[in-house]
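First subunit A sits with subunit B, and in the next complex the same chain sits with subunit C.
Coming up: the complex of A and B.
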């Protein structure tokens, strides 16, 4: 950067190596990320790695403010990504809640709502507005949505009792029956 | 028919652009000036061609041609005509056409200039700009065609440019989805074009820099030709950023103007290098130094423009601003690679020839302080770049993506911005070549004393927050030191020329537009800093659900909820829900505010419009969050008090004024060096340099 008066000199080999290594590294990093993004969401048949969802107060699971996927082995997990700013989410909000109330007491199905890129007051207002009672919490740092490589909201993921993804719904559900029929596939 | 026409014209422009690049390349290789001239004319032709294609697209947008998928996605019947026109840049495909059109405007303008003194640059400038334009047009023609139509083929609706099967017929939806309501704000209508103008305008300095590297003409000719381009590019980019901030403040409903979102940072990074370039180019012109550095900055700025656009549009970075996942990713990636690799290779190749003519003599000289300014800008760039790239690294390394939030950026860049403010105060006072602590001290002590007094008063009456106090001191220092500069220059001229002080000031500024325009920009930055300090340090917020007649208190303010009404406006396709609240400050009634939520039926989206009361001291900013549908039982409000934020917008307007003042064309900017010799004597006695 600072100029010198020494005779004309090229860029030293080491500096060149560092520069090219940096550029190659950067491009590789971006390239890999790009190809991941282009894969789309996780697919049915994939085993879902464990994740932890913090829960909003008032939406806790058995009094705990945090749940992990692994503790729901043996149950069907319905993971819904939503956001308060998302209008299509409102289309399915009442249906999801109704489906939850159907299975709530069976103990075989768990509904989790992951609030994607949102602020808590807005999210709470949304939950109140649709009288939602299933477990809900913020997808902190979009970790869970990245795990599932979601493209947007709403998206809903159905995980079977063995922790394997078996159904993906992109976009809102149109009816309660649609949700139920997917759940029933994995119930005894 | 029209869609085919528009697409056909795009194809022709693509071919013409490719030809222009190839002809210029072979023209310079075979020393055929006829071929270069042909390339130049082809380049000129791209402007009318893309204009025709754009007009076709706008015609389709304005006339509800919903069989065209782009028109369907971004407009609807209920949108007013001006919004339909601006929908041109409201979606990915259209904004790429818009971008290409701007590029054609700039490259045509630059090929029209007088080239006799720098004929060797011409073919290479054409080659570089043609490659860029080819890339953008190629992206449109192959991946993101705005003229794609819907076809009904075998009972299915498919988007396609041409008839997908023999029996397919065109399918026209009844109405479009409409532009995202968030994008219907006046700020948003001008914000993207400004940003694009800034981005695209940087192609020209870059093309000249590359031409200089390729031809080996490494004097400062390229900086002299392009400095006004860089200034205008910087103007548009800055304006784009400021308008984006204003839009966010008015529309996004989080009581702020800047959220350190990846898309914002992607636009901010070229601004940082562009600002550094504006300063360091001056050193090259005045002292013949930093030639390497300026090349690096031009390459960085342009690469960051391309890289940032790529990151945000390919879906690599997730963001609230995100464009839909689109197939342009790998193609764009190729272009980014080409740009980065070829620029760096050229730079390394010519490195030995870009030698400085003088050495740095003093650590306090103007050039040394400019260099320090550049280092600070680069540090902020590194912070931003790391924040953007870190989630990718982390995702790759740990499999989990993290987002880097505002606190990281604020903590990391805060001291750097403070350093920039300090430099802004002292650098204009230091001399080129040589300065000492004594000379600088003599120049600044009065301003420093005045700033201390002001800070003392603020400390006693307004705030004891240490960050705020330091911030206000620096702001005051910049304001006093800069004002002092104006005063000193005008006094010197008044004595030398016997003019009255205002005439002296006017003439002084008129003779040194870039210098005094720059000072006005410094002042504006200090004013903006007041706003930023206000919102970063003193912002308060509260939220509450209240029934009609109940109150929420925040600071000195009390907000009383009166009533709420909800109604449809069928003509606009909007449902309005508007709350009425009374505002009191220390018990005194101030008036009413009307926060509202607009629901747009066509795009099924909400838009939150805050109720704002704005003064020089603070903004009271009220959002309607939620309400009970049955009359006005209760409503939820989120309330912010944003102290001093208005100075942000006052600073922005000052900034615009200073920039236009500095960038306003003199008679012929490219001939400036010749004139400078004649006037050199005057300039030195006028204390202007």
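Coming up: the complex of A and C.
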């Protein structure tokens, strides 16, 4: 009986280590990306990292063309994501403006509008149409919406005076009272 | 005579009014020119749908913005850069070659090369045992043939003896 033998010439150890490290790294990257995508929006209780919102001309804050979240420590911040092409945003536009006018003189509440994936001429037309006066600007590079991991517009985030998120509204508000009831939770 | 000249002036003015909109239209970029840029962009709202064929209102606005910028004399690169600045690099159909984006460009060729290497090694593994067999084969075959011949010879002898 004849024995047939194949000469064993395996891949060297360091090549195997590199290949396995590469595969594990790739899987980790895919895993992290998928888990981030499935995380959903930021959750109540999360401290919101600082961000800067550039403002449309005519919507400046104390004469400045951009604002940072950190400037509003000690105030309730209502951050609304919207877009001119978004029909549900129109349902709550008047309510948001009315709520803003209720609180703007108190100095305890700030409304910020982040215009998501929009063009400036249409955004301005929308702001004029609904007579919106609170601070508004484009979400440049979709950086802020990515920070909040928004799923669509409209979405509104309520941040307490300590910079901690305490309420998230996905979709349009149905009434001014709904907005006020959320704000009042954090007012003295 | 004066009446005729008035009519001529009026005719010229009217002709001018008729012609001017034609000049304005000529200056406006065509849909093809707009779509040539739009197809290189993706709106973040409608993932996986190129801007040139996306039916949403947001994408229509973007196409109009491209048209406006083209009419202002901006180049393709300037327009794409405007969209990247305003909406992020993810709007580009071809991601910029920076940071982790390099993986998109490096991994496919690496996988193809690795696949080719594995295939090559597999072919080697399939062909080598046969070669070893082939090496040892002829000797064995010769031996067995000679044994067989002896056996046949003996068998024939036996048969002859019986006769």
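Methods note: the second predicted complex is superposed on the first by the 157 of 188 C-alpha atoms of A that agree within 3 Å, B and C clash if a C-alpha of one lies under 4 Å from a C-alpha of the other, contacts with A are read in each partner's own complex, and residues count from 1 in each chain.
Note that in this section a contact is a pair of C-beta atoms (placed from the backbone, for glycine too) under 8 Å apart; a residue touches a chain by one contact, two chains touch by 3 or more.
Everything numeric here is computed off the predicted structure, so don't read it as measured data.
A.B. asks: Looking at A:62, would you say it contacts subunit B, subunit C, both, or neither? Reply first, second, both or neither.
C.D. replies: Once the two structures are laid over each other on A, A:62 reaches no partner at all.
A.B. asks: Once the structures are superposed on A, label A:118 by its partner contacts, choosing first (subunit B), second (subunit C), both or neither.
C.D. replies: In the superposed model, A:118 contacts subunit C only, not subunit B.
A.B. asks: Classify the contacts of A:31 with the two partner chains as first (subunit B alone), second (subunit C alone), both, or neither.
C.D. replies: A:31 contacts subunit B only, not subunit C.
A.B. asks: If we overlay the two complexes on their shared chain A, which of subunit B and subunit C does A:138 touch? Say first, second, both or neither.
C.D. replies: It touches subunit C, and subunit B stays clear.
A.B. asks: Thinking of the overlay built on chain A, is A:147 touched by subunit B (first), by subunit C (second), by both, or by neither?
C.D. replies: The answer is first: A:147 touches subunit B but not subunit C.
A.B. asks: Which subunit A residues contact subunit B in one complex and subunit C in the other?
C.D. replies: 2, 4-5, 26, 29, 85, 117, 119, 122, 141-143, 146.
A.B. asks: Touching subunit A in the complex: which residues of subunit C?
C.D. replies: 43-45, 56-58, 61-62, 64-65, 84-88, 90, 100, 103, 107, 125, 128-129, 132-133, 136, 140
A.B. asks: Using the touch rule from the top, collect the residues of subunit A that touch subunit C in their complex.
C.D. replies: 2, 4-7, 26, 29, 83-85, 117-119, 122, 138, 140-143, 146
A.B. asks: Quick one: which bits of subunit A touch subunit B in the complex? Just the residue numbers, please.
C.D. replies: 1-5, 8-11, 16, 19-20, 23, 26-27, 29-34, 36-38, 49, 85, 87-88, 117, 119, 121-122, 125, 128-129, 141-143, 146-147, 151
A.B. asks: Using the touch rule from the top, collect the residues of subunit B that touch subunit A in their complex.
C.D. replies: 254, 289-293, 310-311, 314-316, 318, 320, 325, 329-330, 333, 336-337, 340-341, 344, 348, 351-353, 355-356, 358-360, 371, 389, 392-393, 395-396, 399-403, 543, 604-606, 625-626, 636, 638
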